[in-house]
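Order of writing sets the chain letters: A, B, C and D. Residues in each chain are counted from 1.
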């Protein structure tokens, strides 16, 4: 499936402020960036680097006043996500080195405090993929999606008890419960085609079972493809699409994701 | 200063369990490993890898029964730690890429929830080194060192309010308050010469000001050298000296750190 | 300066062949990729990875038949390159770790065999920048630019003695002579605005003196900006824009580089 | 098998000279460093870093006068090396990203100039392991081991034609012929138990077939274990055990490798 995704952000600041943005999806094994444009008005000179998770990060110093960021990409991605009912747990001793960090508790996913809850959520599901699916279904059925019900400090522990949240919170609960069962799990931010309006950037999670990462999204009733990954992290702390260091206000943000038949713009 | 440090750990398990250990200090710009021995009884075949923070990690599968780990090192390290009263804050836009991750909140250092507390702790100290020193002194004077007062789930927020903890908790508070002021801070575990008995592994923190990392230790009244670094991380979640995945019990642990005049053992 | 650069390549193969391409410039400290498109006809599913030099590499399996690759980018880059007459040699002990590999001899730059020649070329130029400029000028004045005068196996040693070559050979000689004097040097492939026709991809070199990399181009009489870097390497072996593993024939290649005033295409 | 290996090197210099040493074997999937000592007399303060191949490198500035380096390690390693007659070639499209660089020609392994020779050497051996073994046997039977027959500039092309060399040259020919057939190959330096006297550091090569690296040593008539790996590289340029930048003279070098039954020295 070929998708075109656009994010426009209007920022304003009263002091020069450093900003780190993660707005450039990368080509990899699961998606191919056919074309891409990254505009800053006024024109700044960002510098790009790769963080420890492999994400492309853009750094720049925003001057006093307004800034408009417009990122536009055309991406070839999978129509459907892989599922693997019954697939086995990868034992800790068999995990790749690079995956081990996704077993550790993190700011929003204090998995060390949710062990009982994780056992309850999975019941007698078979260790591995089925446990993750049980966790996903548990969230879908027990946590209410409600805009504005959480804030920047809300952790998976909070959401688990308050039983409401948004996509980011759903992902945090999924990640924390997986890690509590020794299943590596990571946060994903990106775009989802035909996300229920209002369109926005989206968050979901991946779990590592049976030797690879699988996609899970507790905000959806069915497994769905049409996803563009922008960044991976331990939790939302690692994958803020813009991380300002100063009094930067977000004046507006608009996201559009649509299927396209065309070739790359040229 | 040349130090010899030894850690002996006795473990026991009723099921084969994967273990990740971080028990091998590395030579670097601040210390030189003159000699080192790493014994496992019974003899296992560990595999070593480097994590995202650059730490050497040893992985192995512990069989049912007992395991003794004995790590012994002779290290040339600095007699005194560098201090820099008055040294300036490094602005976010001037931080090296690799340092940026140490601005983010983490499991035990929810810096996003301690902003007011950080401002209070530093008062009118000059931005930069003096703020970090003010934070260190605040902890030294306001938080009581009490063994057994905290556990594995205790965060800097908990310690800040309960006003008691151990070295790990002191470091967490220091890190969280620094990050709340946009000063990168990281956890260090290692050895400290003449640590007040009982000798154990120790934890402290480093803050990045004036273009480099400086060492701070809120458990000590004076800046002190004689430190061997074993591992760095965002917080204690990243630097467990042994991280078992299974019903592994720690039966005993003994740490010895002493000054030595000799050359490397040969 | 804002440049638009386009590369179109027509390939043909009689057997399915793996190809590694390096055709995607990266944003970094010296350039910003405003927009970019990467088309393959027929549509393939490339996977992208980063090599040890930090270059983005695209891997795909080319099926039997024809393939057209069209890469198009708009890049904000420097109008002028930095020069630093008189700037000092960085002593080997002060070189950053990551730069040390560019002191070693490589396939096309056998610096170990050109020590005398390097000393001759620099004469009594001051160690550092002036030596590199002397090397560059030596090449400009002593080696004739002649298309077709070299081939894929031509090394800097060959070119030094035969006194003719193309941009790649000029760069190889520059790199080899620098390394022979313990000045780190690396190969650059990319685009140069207003390269003398016929327009093509271009190659030059960078040398590390006075704590940073400087650009040198022995094919030009004056230092010139308007450069887009595609890839860095030890020499041409590392930076082939397409590296086919099979009977792949290049049927055509066209490169266009032009200044543009517009914003990113959207 | 448990081996103890010691290297003692005496150096002398008339000018302060930077030195990069690679004398510290690493624990990994194939070997475990039980204990290790690294002495410098006089005592210097080396800094350690990891190069692009993952090797530990020690940097220091040698003052005028004499320096003695003594490195001593006890290593648990495999008694026998794995062999896999008949194992298939890994096609270029299936190679891991990190292995691709070992297909490229390098300073001492100009594989681009040895294609015909490679085809001749393998005859009709089955693509994959058997080809590499044919190459190894070709070298064993056609190239004479003769101390002093080569020097620092001798490449695989030279050795192929001159038909004599030492272990380093044997490895270079093996690597170059493998790469010419699109089989990734890399240089290994290390220790071999019961190497025919005089004992010295040793060099051999690894080739990547059937999804993993296999060890080949054309200086030996039988596959033999008892190997300690110190460093990997594209060829000898990458893995010099000491790389001095200045007028450093090697006054003496002594290597001892012996089997040991004891535990780590403590």
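Simple rule for what comes next: a contact is a pair of C-beta atoms (placed from the backbone, for glycine too) under 8 Å apart; a residue touches a chain by one contact, two chains touch by 3 or more.
Quick caveat: nothing in here was measured; it's all calculated off a predicted structure.
Asks: Touching both chain C and chain D: give me those chains, sorted by label.
Replies: none
Asks: At the place where copies chain A and chain C touch, is the share of residue numbers found on both sides over half (same) or under half (different)?
Replies: same
Asks: Considering chain A as a copy of chain D, what rotation angle in degrees (nearest 5) results from a C-alpha superposition of the former onto the latter?
Replies: 180
Asks: Per the centroid of Cα atoms for each chain, what is the distance between chain B and chain C, given in Å?
Replies: 44
Asks: When the C-alpha atoms of chain B and chain D are each averaged to a single point, how far apart are the two points in Å?
Replies: Centre-to-centre distance between chain B and chain D: 37 Å.
Asks: Would you pick out the residues of chain A that each touch at least 2 other chains?
Replies: Residue numbers touching two or more other chains: none in chain A.
Asks: Let me make sure I understand the interfaces: which chain pairs count as touching?
Replies: A-B, A-C, B-D, C-D
Asks: Could you please specify the touching residues of chain A with respect to chain C in the complex?
Replies: 26-29, 32-39, 43, 45-48, 50, 56, 58, 70, 72, 74, 76, 263-266
Asks: Which part of chain D faces chain C closely enough to touch in the complex?
Replies: 18, 20, 49, 51-52, 57, 59, 61, 91-93, 97, 100-101, 103-107, 110, 112-113, 152-153, 182, 237-238, 245-246
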